[in-house]
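To start, the structure under review is shown below, and the notes come after it.
Labels for the chains are A, B, C and D, by order of writing; each one numbers its residues from 1.
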Amino acid sequence: MTQPLNRLQMAWRCAHDIPEGSVVNLGVGIPLAVLDQTPDDREIIFHSENGILGMKALDPGDPEDPELVNAGKRPVKMNPGGAFFHHADSFLMVRGGHLDYTVLGAYEVAENGDLANWRLPNSKTAPAVGGAMDLAYGAKQVYVICDHNSKDGSPKIVKKTELPLTGRECVSRVFTDIAVIDRTPDGMVVREMIDGMTFDELQDRTGATLRLANDWKPLEAPDLDS
Amino acid sequence: MTQPLNRLQMAWRCAHDIPEGSVVNLGVGIPLAVLDQTPDDREIIFHSENGILGMKALDPGDPEDPELVNAGKRPVKMNPGGAFFHHADSFLMVRGGHLDYTVLGAYEVAENGDLANWRLPNSKTAPAVGGAMDLAYGAKQVYVICDHNSKDGSPKIVKKTELPLTGRECVSRVFTDIAVIDRTPDGMVVREMIDGMTFDELQDRTGATLRLANDWKPLEAPDLDS
Amino acid sequence: MINKIRESAEEAVADVKDGSIVLIGGFGMTGEPQELCDALARRKVRDLTIVTNNAGSGEAGIGRMLAEGCVAKLVCSYPRVPGSTVFEELYEAGKIDLEIVPQGTIAERVRAGAAGVPAFYTRTAWGTPLAEGKEVREFDGKEYLMERAIRGDVALVKGLKGDRWGNLVYTKSMRNFNPVMAMGAEMTIAQVKTVVELGELDPEVIVTPSIFVDRVVEVEPMNA
Amino acid sequence: MINKIRESAEEAVADVKDGSIVLIGGFGMTGEPQELCDALARRKVRDLTIVTNNAGSGEAGIGRMLAEGCVAKLVCSYPRVPGSTVFEELYEAGKIDLEIVPQGTIAERVRAGAAGVPAFYTRTAWGTPLAEGKEVREFDGKEYLMERAIRGDVALVKGLKGDRWGNLVYTKSMRNFNPVMAMGAEMTIAQVKTVVELGELDPEVIVTPSIFVDRVVEVEPMNA
């Protein structure tokens, strides 16, 4: 069986599905790696909730500017055509439905598209939500990148979420280390899974009921060091 | 008896009461003349609802720019320190209580401060309100400039308005051609009236009940061609 | 390559449908996207609801849309401006609906639509005839009106410069309603005096970022 | 002559009172008005409610205000950032109140306060634990939460340049919450890297117009 995708490969696979011309926001964590994995010849406008459109990943050796950072507070640079604006305008873009895509991480995704990604149970640390709830309802398409299973093996794609919700019925597609799954009106549909995995094996590792698309394909990604 | 003030003199008298450093919006009509009547040595920041702070009256011979106009759609110029912004930000300033003063025209002012200035009764023409209702509740102080009486002699300062309201209990001071009158918690108080007029004469020409301030002064203005 | 540039005003408005809600920038003549309005008028589009501050002046732009019978309803703050004779005639003949909205309430309702806010409360117009039919609610001892968002199908705006991503800058008081309307519609069409190369507009000074704009057309304005 | 320039951060914050609601710009370290926060911390002001996106990093700025015990309540979206150890300690010891608000809801609530809007509706957080206790209302078949405006007594912001009228410009992503907080308080205090002559800032590119700002102080930033 093919190796599960590493984090950069998951980001690469997600980037692959974002068409030219899209306006895209990337959540903190793995989703931000989509910025580096976007094909150079594809014009995508990346939005950062701290007031940027048109940001771009730094190339090796680029200077770091503490006044030009993304939502993860990491340095970025700008594409020609980019713009700066303040937080109220930035979230007007998010909440008004102006973003084509957002890519978020997840603790749990339910088969109805419910998303939980901000709070673990019994956490003693202070809660922290950032812009996740704004993005969950704001973007036209909510893509999720997450491992298919937690470290203890429990599935992240579940029948019903148990963790505190980020948003209801908002997820449209999930990119995991072993599959690409669409949330459709008819339930969760597997578009891709890694070579050598059977549908039954995938279903076993998943809480939600899956259906295999007739035109499903093997999930592939180039070698990328994570 | 001294002549009643003409329109420019009323604007001059009003301008006199606006302290340095104030941010002021001027309604269309006579109030806009306050722009020309402000002492040159007094720094006042004039706001125009079409997206200007820091506008200034044109001097004779100044070029007219169709892209730099005030709320009356007449050309203006800018003071150093001025700024442009869009209509939503402009009315955020108005409605959020950021203006120190607005100066408006009036058809009627009631003794409780109710203002009617946008719609005459039985008018066949289409109604038109502009920004008057925004300004009436938005500015910290609402000053009114209007003739003391209509052409038919009826008073504009009344017990109770009969015309469609612009705002309730919003007027703080009225500058007319014959008097300056404050609306106070205790009613309408005459601060100034033109030389030679008696309080009884003024009261006769006024619908609202007036009280004469102990320290009232003659209403005076320099010669100004209207 | 992203390319929102269109060759002509005609092409830019070619698919605007009858019955659309059309937001139009400008304050009087200043900043009015006249050539886009003219192109719509020439197409004799019908039953539009237009949301804009005034009722056009003269026989071009919004005035021409009115004269051509494109407009079923006007939502504005101030239809009476010198030269707006066309509107007055239609109004007196009962041939056009009019919704008078305080100027700041227009701006705030359109911004709310742009921001995903379906309704908000404001003090403006409370206790006046324009409050009729509106919900009144008290907050902290003061009464406010509830106002609903306005969302356009199409916005027509005018900028000074634009680029192929759709970024816009304005000049002086032509900015007025244009950036607000640009945010407020499903399809935003901008006419600009000059199309510039991508990257020529400083990211610090862009007023309408690309995300809000769908089409940009360079026009030779009549009164340049 | 209008002159909002103050000689020092100390002078600029000298009259901020115990118990104030203080809005603070910045996103993490970027754009945080650290020297103004430090000056408040040195004054050992008490019982502040601070509204800001994060909980400070390290021992300067917001972190120092927390460490000095100035803050009774933090309203923010994300208190967990690397280096925000002070907040975590206070929180675990029950020595500080925390209100978690989605990032865009903070921005919109502050903007609403600035715009005279006492309350508005939003979809964000609907159906989540952060909706608890909030009014739910349906518009056009979808449910929304009612959110109340936030209005500050004081705002502390950071700009790149400012003038004696109070106009401000920023640079790159240091803009973030600063212009929003600057609109949102009775008294807005700005620290800038450079005070410039009146008229030096182009009226087209001013981000925070003078009307919102009460005091401007040039500081020598620690991490310039």
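Here, a residue touches a chain if its C-beta (ideal position, glycine included) is under 8 Å from a C-beta of that chain, and two chains touch if they have at least 3 such contacts.
Quick caveat, the model's predicted, so the values are computed rather than measured.
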| item | value |
| --- | --- |
| Shared interface partners, meaning chains that touch chain A and chain C | D |
| Between A-D and B-D, the pair joined by more C-beta contacts | A-D |
| Length of the line joining the C-alpha centres of chain B and chain D, rounded to whole Å | 35 |
| Computed distance of Cα centres, chain D from chain C, in Å | 33 |
| Chain centre separation in whole Å, for chain D relative to chain A (CA means) | 29 |
| Where chain A and chain B are represented by their mean Cα positions, the distance between them in whole Å | 56 |
| Shared-contact residues (touching 2 or more other chains) in chain D | 108, 111, 115-117, 122-124, 170-172, 203-204 |
| Junction residues of chain A - those touching two or more other chains | 84-85, 91-92, 95, 137-138 |
| All touching chain pairs, where touch follows the definition stated at the start | A-C, A-D, B-C, B-D, C-D |
| Residue ranges of chain C in contact with chain B within the complex | 27-31, 53, 55, 77-81, 87-88, 91-92, 98, 100-108, 110-111, 122-130, 170-180, 207, 223 |
| Partner chain C, residues of chain B touching it in the complex | 48-52, 65-69, 73, 84-88, 90-92, 94-95, 119, 124-134, 137-138, 164-168 |
| Residue ranges of chain A in contact with chain C within the complex | 20-21, 23, 43, 45, 47, 53-54, 78, 80-85, 89, 91-93, 95-99, 137-138 |
| Touching residues on chain D, where the partner in the complex is chain C | 108, 112, 115-124, 137, 139-140, 142, 144, 148, 169-172, 202-205 |
| Complex contacts: residues of chain C adjacent to chain A | 1-2, 111, 113-117, 163-165, 167, 183, 198-199, 201, 203-204, 206, 209-212 |
